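My questions all concern the structure below.
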Amino acid sequence: MSASGNTANFNGQKPTIDAADTAMLLIDHQSGLFQIVKDIEVPQLRANAIALAKAATLLNIPVITTASVPQGPNGPLIPEIHEAAPHAQYVARRGEINAWDNPEFHAAVKATGKKTLVIAGTLTSVCLAFPSIAAVHEGYKVFAVVDASGNHSRLATDLTVARLAQAGVVPIDIMGTLSELQGSWNRPDAQAWANVYTQAMPHYQLLIESYIKAQEVANNHEALDSERK
Amino acid sequence: MSASGNTANFNGQKPTIDAADTAMLLIDHQSGLFQIVKDIEVPQLRANAIALAKAATLLNIPVITTASVPQGPNGPLIPEIHEAAPHAQYVARRGEINAWDNPEFHAAVKATGKKTLVIAGTLTSVCLAFPSIAAVHEGYKVFAVVDASGNHSRLATDLTVARLAQAGVVPIDIMGTLSELQGSWNRPDAQAWANVYTQAMPHYQLLIESYIKAQEVANNHEALDSERK
Amino acid sequence: MSASGNTANFNGQKPTIDAADTAMLLIDHQSGLFQIVKDIEVPQLRANAIALAKAATLLNIPVITTASVPQGPNGPLIPEIHEAAPHAQYVARRGEINAWDNPEFHAAVKATGKKTLVIAGTLTSVCLAFPSIAAVHEGYKVFAVVDASGNHSRLATDLTVARLAQAGVVPIDIMGTLSELQGSWNRPDAQAWANVYTQAMPHYQLLIESYIKAQEVANNHEALDSERK
Amino acid sequence: MSASGNTANFNGQKPTIDAADTAMLLIDHQSGLFQIVKDIEVPQLRANAIALAKAATLLNIPVITTASVPQGPNGPLIPEIHEAAPHAQYVARRGEINAWDNPEFHAAVKATGKKTLVIAGTLTSVCLAFPSIAAVHEGYKVFAVVDASGNHSRLATDLTVARLAQAGVVPIDIMGTLSELQGSWNRPDAQAWANVYTQAMPHYQLLIESYIKAQEVANNHEALDSERK
Amino acid sequence: MSASGNTANFNGQKPTIDAADTAMLLIDHQSGLFQIVKDIEVPQLRANAIALAKAATLLNIPVITTASVPQGPNGPLIPEIHEAAPHAQYVARRGEINAWDNPEFHAAVKATGKKTLVIAGTLTSVCLAFPSIAAVHEGYKVFAVVDASGNHSRLATDLTVARLAQAGVVPIDIMGTLSELQGSWNRPDAQAWANVYTQAMPHYQLLIESYIKAQEVANNHEALDSERK
Amino acid sequence: MSASGNTANFNGQKPTIDAADTAMLLIDHQSGLFQIVKDIEVPQLRANAIALAKAATLLNIPVITTASVPQGPNGPLIPEIHEAAPHAQYVARRGEINAWDNPEFHAAVKATGKKTLVIAGTLTSVCLAFPSIAAVHEGYKVFAVVDASGNHSRLATDLTVARLAQAGVVPIDIMGTLSELQGSWNRPDAQAWANVYTQAMPHYQLLIESYIKAQEVANNHEALDSERK
Amino acid sequence: MSASGNTANFNGQKPTIDAADTAMLLIDHQSGLFQIVKDIEVPQLRANAIALAKAATLLNIPVITTASVPQGPNGPLIPEIHEAAPHAQYVARRGEINAWDNPEFHAAVKATGKKTLVIAGTLTSVCLAFPSIAAVHEGYKVFAVVDASGNHSRLATDLTVARLAQAGVVPIDIMGTLSELQGSWNRPDAQAWANVYTQAMPHYQLLIESYIKAQEVANNHEALDSERK
Amino acid sequence: MSASGNTANFNGQKPTIDAADTAMLLIDHQSGLFQIVKDIEVPQLRANAIALAKAATLLNIPVITTASVPQGPNGPLIPEIHEAAPHAQYVARRGEINAWDNPEFHAAVKATGKKTLVIAGTLTSVCLAFPSIAAVHEGYKVFAVVDASGNHSRLATDLTVARLAQAGVVPIDIMGTLSELQGSWNRPDAQAWANVYTQAMPHYQLLIESYIKAQEVANNHEALDSERK
């Protein structure tokens, strides 16, 4: 058995994301559906979805968004996604639950000319899983960003991850996705990438705040308050 | 390796549920056995099992039910399943733990003429797992709805999911199952499907209640209480 | 120190609920606010609030309901409360967060002539806590039914319980409240009380289902399936 | 026993916050100390502390901040607090762990002329608890906002809440504090208060987003996507 | 304030259990009710209740048991309690939810002549709480053994403990109760006490097993298997 | 891909346990090692290991036990295993961590003539995993009973299950194992099997106790206590 | 009611620890008993107990230790306590479960001449609770350091904290205790105190490591690796 | 399918670690990154990483370490790794996120001449996963020690384990790794191995302490304290 294991459509290549061949699909991140999410804290989910959009913008990766009947209880798409990826293309559907079943959506994906898809969608079991499985079946390499998706229970997420892996989809998390896209800190836009992480990882933000202060103290030869008279 | 990965009996087809080729098996959802369940809250389990029955009724999918010695401590089948699926066929067994080992049950499945099975059963490790593995071995495509089943511990469920995936059964959750069966909101019975979700997802019910009220307020030009004098 | 300890306004009486002297206040059980609740599963919260209303109906206890700006995002009152307590009186407010600050609400409580209040309200920290503290200050005996209320975090609930106990409010749970109101199973409406518990306690429902079946089997001399040939 | 129970210094008054008599103390919300916090998610803690500052600004409540040796590993004060409360006064200490022990801090509190203190501080067991107990001892009415403070373990928080309640401090949560300060939605700055809640409660933000969209759909007679041809 | 704090009826005495003045009440430990318990694992609850009975037997403490309609869904008293305390007196009730309301039960308690009561009962919120509060009101010193009782949720237990403490009942756990009754290991029946702990604490059983083996190895100069050739 | 998926050595047969071809290996269930277990409650682990031994006795399945340096801190084998399976053969090792590396143990397995192994061992990551992987490599069909094993963390167990499944071992839980061995309730020793489940599943014990009582009440026409005068 | 609330023996003084009037009692921190602890991770408990000993050494606070039958399964006192507090006095008992009941232990406490006691003991419900309640009854001011004690369940700890608070003991955590003893960072032995925190709080250790490195980088004008060619 | 299942590059060999063919890669165990870790307690993670280094030293396994921009907020490598493995080679990178992409690091691995890699890295999703997948792709046998790595959420870890297993990497835990490397207790350096376990497993340390004391008591015929007069 080759190193690509159970991963579909890699044909012996290393099963990692090639940013140059990638399109990003952000599906059904809607205010109503977020109320149902129980496998991740909503602020973290919201931050993770936005971080994907920001990374796509930094790398000029095509982004396609869509929503499931946003005029109904599912609610509107959260606005930050299009704010973070102004180049993203929104495709309205006609009620199809699987976005892949919508001809315009399918055509939009095809029009990107990319063969690798990074997908996130709320709910994970449905809006992420259905297009991922369909895309693998059509020959795409698919990375499913589960912690930028959101699901109705942790058990449901575990079942969906097992189903996705079985179908040849690559399950991945937000940090794996961002870092695989970024590749190196030795690049001109390194600070912009740091901002992406800061927004999605509150403990990383704390690290940076403490780091900057510690260097200021050293550079300014600032005394400790506890040594003041 | 094809996109169907470790999924048994799909032979290169997309590993999703084809409602037209599907029979549903609801096994041993009994009052006594539910007392043992610890991997999911009992009201959620009960609602999920009923939702499966309702979806089958909406789509005219054959349903076969059975119970393990309901005259003993395992207790009676919960009544809502046959209420939600009046067309369901109940098959009594003779003590076989694996329903598949009962000749009448096996014959009933065969008589449906379907080659795809959606199965739920309490306990997951036994009443869901045994028939699922047996059916795959006979060439059926099998979807095991784990969160409509119920098990004695979360660890046991995780072990069973690993065993099922290894055996070529597709693990799936209630929302994935319902949505894959429904396919689209653009259908005459859309409201009936909304009712199915409402019953199984209490947060979705809240969404709908709030949505209806918000529209009423807009339509009736109702003032906010906080603006009353 | 007397047995009434830190409990306010009992003046040496046993700090328990006297149904004949009790009014029930059900405050702000609204679809939108329920989305914020994290200290209890929403279906359980909903069931507990309904159970209070049913018990009040069985005992002819006056019920007063109210809602916080139901025309806005907080959403409508859940309909089951007035269904379960058709005699309940709804009092609209003018934006006051503390229902007790609304003159009509305050007057409605006073009009009942009762000196003991059983209160539940969503959110616990606000809609339950504020009227409870105010009522104690005016001399009422107050029982705060925390698990029929719902709060934004378990930590917030623990803080609120500490605050309430400190202020002389009696913290209580749904089962303590129902059983203290009922008093005895030796009463003509015992079956109606059993129904109240069944609706609020899914495991109790299972017990009753199993019990009835076990007795049927005995009475009908039904054989075990596992003993059939 | 009066309604004020174990609450110190209320002398029979209702143990609630009187905004007109209140000063707010925000102590040691520093980037390094936040890394130690385990009883609440850091983004929630950060949001809660900021919400306190915003509410103080809306009501013109004096705010005093301080930090514990911010030149060392404890790190800098998070900047959002002074951004949200530009009128806040920062008092540097000389290493005193209990801010109350610092003469300038103590003088600053006294200079406000207020007798009610709303306090939050990281760590809860130390930076919140020590000044709270000291202030009660000097005759202040003290409300300790525990979920705007942050502690090294949930067990430690529970112990501290027990200690604070025992000492006559009133334990309170962020929602209880904000709502008690606000009082009513029937006020000119209601929208500003809604923004405070939105920032601190992500599920409330979702409610508002869904509500606005639902009203837009009604007002614009927008069709459902699922009804499009 | 004296050392007895909020503890009722101690009148300045140390608030501890005096075995010579103690009767034990074990209320409604029934198979059906145990199915509802969620705040403690059922085997641990069962073991703790039995341990109380054994300790009472070792010290000749009077034990009174009772059950709530054991002919119905609540089920029979678990048999081990009377096996462990053969001297226990069973008192049937007439449907009273609060055992204290049953005249025969009340008389049986009074007949013991004891003024200190150690009580456990399932459910905690009802069967433990109601008699405890009533007994305090009649002047008894009451110790409520909460982890030998069992309740429908952990939140309900926390509420009940707050209510009990407020009413002057002493909340206590199984180990505190057993050890306070035993007093010292320097007594002829020390081994019998060790057996009580072993049965209730599985990790203590492991300690003893390992200890005995370690001493055997030393006494027999047994070689390590890993040093065998 | 055949239905046997990733399961090693089944060669197209159904991947289930054939009791007639099975030997059971119970490895290093020692008092000291049990102190390290954190992925399952120790009483449940102990009960599950004993249940395996009892089932083997009922079906005359050969059992081989062993221990890792029981003269040292790992402690003695728990005695109940040999009590429940008096026919079990104990094989001492010479310090080999993987029991399979011990020639006498290996020979004992081979001497059974069985090609299917049901294995449990403490710690899961070591004492269960190492022999399981080795046995698969030698052509055995291996079922690893993870919840009769015990491990130092839940994370470690999840990692080990992934490793075992990857290596072709079948992960399974205690209930799946017992029920697959039993096959049917329609057998003369059905009561003995019920006892096995009762011992391992406390909620099943409660079911049986309630069931028997309910039937007695029906058979004896016993009145409810709540209907007594 | 005075600020000292329910706190025993403070007589209107501020209920805080006066290091100059304090003796520390460290009771039954034994290797065997630690195996039973479930309310705190054992390494954290061990670190907290050691931190208390170190703080006592820094401040010359008398320390008395004791053990419960260390020759039996309870095992030896962990050695680090006497290593960290070489001046500590060990008092052997004669089997008394409550250390306070042992005349030599009681005499040793009295001989210190201190009226404030900081106590920790394993198990919390017994070895901490019993001496704390007894000491309060004799007029001592008692601080019970619950997270330096260790108990058999979190529920048992919560019950014990409620009992202790009710009896007038002050519940406190490790950080509250250490910081109240230290008082200020503006002292010659500040670095020694930092070491105490570092040992007990792993995240604080990380903070210090990062801080030192950040300052080194600034002081040495070290370049970032990511800017190297 | 062979016994090696989905495991890459084993070519029919048993998928276990051959210490003689192994190099160990310890990647980015840095003080700052540890602040982000949420899937394992930091002290346990730190101990596990150190245990790997110690085991490598005992067996003379080559160790290569590296860090991600340690001059920035990620912080310095924890010092204990090089202390425990003085022979380890540190390779600085130039900002590459995947250590495998750094030519010097890649060359260092190659220079060891080993074909089996044991890898740990913080964060698991990035610093462990990326080099593991790359190394498998180049034909190495890779064991990923997930609980010596540390990740930003447990969900992210589960996703990464699924991705790694899918790619043919062997997921493993710290105990499986240590024990597979050690092989047997029947070796001259057995005591050194016991020390490795003791440092990483606090409950094992307790076992050894109790064991030694129990043997001392037996050897010295020491009396129990509880039998002293």
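Points worth noting:
In order of appearance the chains are A, B, C, D, E, F, G and H, and numbering begins at 1 in each one.
The criterion applied here is as follows: a residue touches a chain if its C-beta (ideal position, glycine included) is under 8 Å from a C-beta of that chain, and two chains touch if they have at least 3 such contacts.
Which chain is which protein? Per UniProt: A, B, C, D, E, F, G, H = Nicotinamidase.
Being a predicted model, the structure only gives us computed values, none of them experimental.
On residue numbers, the A-D interface is repeated by G-H, which shares over half of its contact pairs, out of the options G-H, E-G or A-G.
Comparing the residue numbers each copy contributes, chain A (Nicotinamidase) and chain G (Nicotinamidase) share more than half of them at their mutual interface. Separating the centre of chain B (Nicotinamidase) from that of chain H (Nicotinamidase), both taken as means of CA atoms, is a distance of 42 Å.
Averaging C-alpha coordinates per chain places the centre of chain A (Nicotinamidase) 43 Å away from that of chain C (Nicotinamidase). The centroid of the Cα atoms in chain E (Nicotinamidase) and the matching centroid in chain F (Nicotinamidase) are 33 Å apart.
Across the assembly, chain B (Nicotinamidase) contributes 4, 6, 32, 35, 44, 68-69, 72-73, 75, 94-95, 158, 162, 165, 184-186, 190, 203, 206-207, 210-211, 214, 217, 224, 226-228 as residues in contact with two or more other chains.
Against chain H (Nicotinamidase), in their complex, chain E (Nicotinamidase) makes its touches with residues 184-186, 190, 207, 210-211, 214-215, 217-219, 224, 226-228. Per the touch definition, chain C (Nicotinamidase) reaches chain E (Nicotinamidase) in the complex via residues 1-7, 14-16, 39-40, 146-147, 154, 157-158, 161-162, 165, 170-176, 179-180, 182-187, 190, 201, 203-204, 206-208, 210-211. Contact residues of chain A (Nicotinamidase) toward chain B (Nicotinamidase) in the complex are 4, 6, 8-9, 32, 35-36, 68-69, 72-75, 94-98, 101, 123, 125-126, 129-130, 133-134, 136-137, 139, 151-153, 155-156, 158-160, 162-163, 165-168.
Remark: chain F (Nicotinamidase) residues 31-32, 34-35, 41-44, 46, 67-73, 75-76, 78, 92-95, 202-203, 206-207, 209-210, 212-214, 217, 222-229 touch chain E (Nicotinamidase) in the complex.
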